[in-house]
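Which chain is which? They are A, B, C and D, in the order written, and residues in each are numbered from 1.
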Amino acid sequence: MAVANKESLRKRIYKIIFEAETPLGKAFDISLLVLILSSVTVVTLESVVELRRNYLTLFIALEWIFTIIFTIEYFLRIYSSPKPSKYIFSFFGIVDLLSIIPTYLSLIILGSQYFLVIRVLRLLRVARIFKLTRFINEGQVLSKALRASVTKIMVFLGVVLTVIVIVGSAMYIIEGAKSGFTSIPISIYWTIVTLTTVGYGDIAPQTPLGQILASFIMIMGYGIIAVPTGIVSVELAKTERDALALTKVCPNCHKEGHLPEASYCFNCGYHFKSFK
Amino acid sequence: MAVANKESLRKRIYKIIFEAETPLGKAFDISLLVLILSSVTVVTLESVVELRRNYLTLFIALEWIFTIIFTIEYFLRIYSSPKPSKYIFSFFGIVDLLSIIPTYLSLIILGSQYFLVIRVLRLLRVARIFKLTRFINEGQVLSKALRASVTKIMVFLGVVLTVIVIVGSAMYIIEGAKSGFTSIPISIYWTIVTLTTVGYGDIAPQTPLGQILASFIMIMGYGIIAVPTGIVSVELAKTERDALALTKVCPNCHKEGHLPEASYCFNCGYHFKSFK
Amino acid sequence: MAVANKESLRKRIYKIIFEAETPLGKAFDISLLVLILSSVTVVTLESVVELRRNYLTLFIALEWIFTIIFTIEYFLRIYSSPKPSKYIFSFFGIVDLLSIIPTYLSLIILGSQYFLVIRVLRLLRVARIFKLTRFINEGQVLSKALRASVTKIMVFLGVVLTVIVIVGSAMYIIEGAKSGFTSIPISIYWTIVTLTTVGYGDIAPQTPLGQILASFIMIMGYGIIAVPTGIVSVELAKTERDALALTKVCPNCHKEGHLPEASYCFNCGYHFKSFK
Amino acid sequence: MAVANKESLRKRIYKIIFEAETPLGKAFDISLLVLILSSVTVVTLESVVELRRNYLTLFIALEWIFTIIFTIEYFLRIYSSPKPSKYIFSFFGIVDLLSIIPTYLSLIILGSQYFLVIRVLRLLRVARIFKLTRFINEGQVLSKALRASVTKIMVFLGVVLTVIVIVGSAMYIIEGAKSGFTSIPISIYWTIVTLTTVGYGDIAPQTPLGQILASFIMIMGYGIIAVPTGIVSVELAKTERDALALTKVCPNCHKEGHLPEASYCFNCGYHFKSFK
């Protein structure tokens, strides 16, 4: 009896922590989201010099509170998992661990520089929000369309990066160190800044030839932004069409693409209800 | 008789103020648009120091003229509404009220700082122009497509914001205060400026590692702009196709929404060709 | 006989100048394009101080040569037109006249400031290149799709401009004159620079609240660029589909959308050649 | 026998160097890719002043190693080609030659300026990576869609460039040399920087009229980015649809390109359903 009870407790925890179908599970997910956002906000604000000076004790206290809550949550996840090792070595298992370790490490390692590196890892907690998207159906359509676009976008990016290297080197030759194009890597950096239409303006061409080449890159960058957009649009349209078309096939003429509310096949007039 | 007359006067005012089908109603809407744009222009120009110095009396006179006209209009709207309370607490009822209050408040509260805050509320008058869009059919198609896109775009924005927080923190660690990355919030602000390809240039990475990460963000920002564009394109195409489908109506059961190539009604199985 | 000859000379000139079907007409159009581009280049280079100092005589000589050629062309157009007055008052008739007048006016009016204003009008010659696009079929598909998109884009721009005015005023209140937001018009200008992702960086928010609002505008600007793109894509797809579908209709079952090379109707199997 | 052996050796080399079907051919292509990327990285890093000071001997040594490997490869390509002259004068034949010559030339010509020009030609080695894309099917779909879009995009660019010249000149008149608009070419450069939403900020309008015109250009640039995107999206959708249509082949006349919903072959009138 006791074993069965324990079993059901484990199952109940699993349902609350890992699933979101029950009211308790939903409440858990929402409070987790609030806790993560709060802890990230605390880490973020702690980096502001004026705030750190005045509220350091508060920040450290809050950090420890969040860390202890997330540590309990982490061990509950291990306890309630049917296969704990599978959870521990999964992507989110590692993320969960990495988002509690830095606070404990900050006790041992006191060097401020290392401390800063540790702090950014804590922000990976934010990644846990991703888990909420699996409940959103739209996320799946989006990621499916993006996965289908990946090959085309890689080919496109390869061509663009080659152009960037050649143009960056040309700008180094044309402009030289006087205009701030001090080396080819810096010139390549400038080309990326220009082609993507970011345009900081910390480095800008001064010679007429450099400005003509820069104009050419800008117009090109402005034009080729069309390519990934076109790729994603087409894939998204296909994914949506496939999702619709697959839902209903006429058992008489095998025509696809019926509206979800259709009672008769629009092609052969077959009555769908007479099939089942 | 008098009561009936009053009733019809109220109705006539309602038709002029709230509707745009009659010639008087159209004239009212156009003159309202002109008045709003003029009053916004006056508020805007008043903020220019040189102009305020020379034309302050003119500006104040014009502000009061506009406010009195809009006040009369506001009370006529309340008077002519079939259910005044419904109008008063509607979105545009509140906007109408907020666009006349500031001028009256400027008599009591003289502090210049508060006065400035009040001034911006006056600009909400512009929002009344939105009402004109309801007559434009295209506005509805657009807003329908945008509403259908909202979930997908929210998922997309969530992922993008997570990336922004992580990258912003990484830039803080890499660049540090010397390059202007004085805190994580400032670094996150810089990441948004870069990812959206705005690129002010007030803060720019100085270290090679920072510039490599910046290049990566720029190319990512340049590539993922495709995602919301693709989403909106697909939704807009769907909305337009649905609008087309509504034009084909079954002559037997009057059901709408048939595919352009349909031969049979999907609802009652009627053969379209047997009609004509 | 002489009258008939004159008549045919006029017609021949008309065919060369106004049409591009004959080899002479094509040669005329291409040489006109070269002349316009050369004359624009001369005007453009004349504005560079160093070049004007050294080559002023050459620039003036070239300007007069181009002007005389374009003047002869202008009178030949009037002479050869079936209805000269219709040509003179057409869009391109006015453009043609405006692109020769400035050089003659530069003889009378010597003030350099006026001279500069005149110079820019000469650049309108470039507009004549537009005439070449009418021969390109693609131009018509593009302009048709853009005309169909205009209403939707106007609604969209109206909403965007309203947001720009409200946000611009809010930034003026938040940032104030210290950060460069010296007046509401300047703040509106900054909002346009930011929302369109141009981002000069001459004005940039300094306060945390201003930077948060700026971040919000950037992400919004980055997201809503999707809307006009989606509109144009859908209209372009419709225009192309309509152009294809209208070319071929089955005379038996009236099904549209056949491939240009089709011999049989894909719907009823009717042989197209047996119709004619 | 010896001749036959030599023949087969040549064929074997051809299969390894020019093709990628065999395991050895694949290994060759991957190692070539690594070598090209390494050599480009070396050239790029050599331009950084601090690195050149410390590692010049290493850089020169690596350059010579890469050049010797690529020279051997170049002669193996000539040797193994069925028609060597065809390879030598092909695009990649010239690129292969240009990517080895500069190192040898650096022995004769010692002038640093010329040396820099030579260095950038070495980067054309990167273009060899393009050859790998022919194995990626997606690259063909992309380039087909882009080729189909080229005419429309040229028309669009022509109109945009005309607007740029007119607006650039207007900004020169309005702003003048004080704001940095020192000549029409510089103003045109600024217009391109603004219209493409790059926005360096090195030149920015100072007068109210100039800022109004600038705002207009920004909104226009922001809006018309939709046009090339729409063009590419539609062409990409068409290319993909055509690729699908090719999968349906008539079992009677083997004609390809049928619509997915076709019941009869549009070429021979064969009824598809009578086949199965």
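In this text, a residue touches a chain if its C-beta (ideal position, glycine included) is under 8 Å from a C-beta of that chain, and two chains touch if they have at least 3 such contacts.
Quick caveat, the model's predicted, so the values are computed rather than measured.
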item	value
Neighbouring chains common to subunit A and subunit D, by label	B, C
Equivalent interface to A-D, taken from C-D, B-D or A-C so that over half of the residue contact pairs match	C-D
Rotation angle superposing subunit A onto its copy subunit B by C-alpha atoms, nearest 5 degrees	90
Whole-Å gap between the CA centroids of subunit B and subunit C	29
Distance between chain centroids, defined by C-alpha means - subunit A, subunit C (Å)	41
Subunit C residues counted as touching two or more neighbouring chains	185, 188, 197-201, 221, 225, 229-231, 233, 237
Touching residues on subunit A, where the partner in the complex is subunit C	197-201, 229, 233
In the complex, subunit D residues that touch subunit C	151-152, 155-156, 158-159, 162, 165-166, 169-170, 172-173, 182-185, 188, 194, 197-201, 204, 208, 211, 214-215, 218-219, 221-223, 225-227, 229-231, 233-234, 237-238, 257-259, 261-269, 271
Subunit C to subunit D touching residues, read off their complex	40, 43-45, 47-49, 116-117, 119-120, 123-124, 126-127, 129-130, 133, 136, 138-139, 141-142, 145-146, 153, 157, 185-186, 188-189, 192-193, 195-202, 221, 225, 228-233, 235-237, 240, 257-259, 261-269, 271
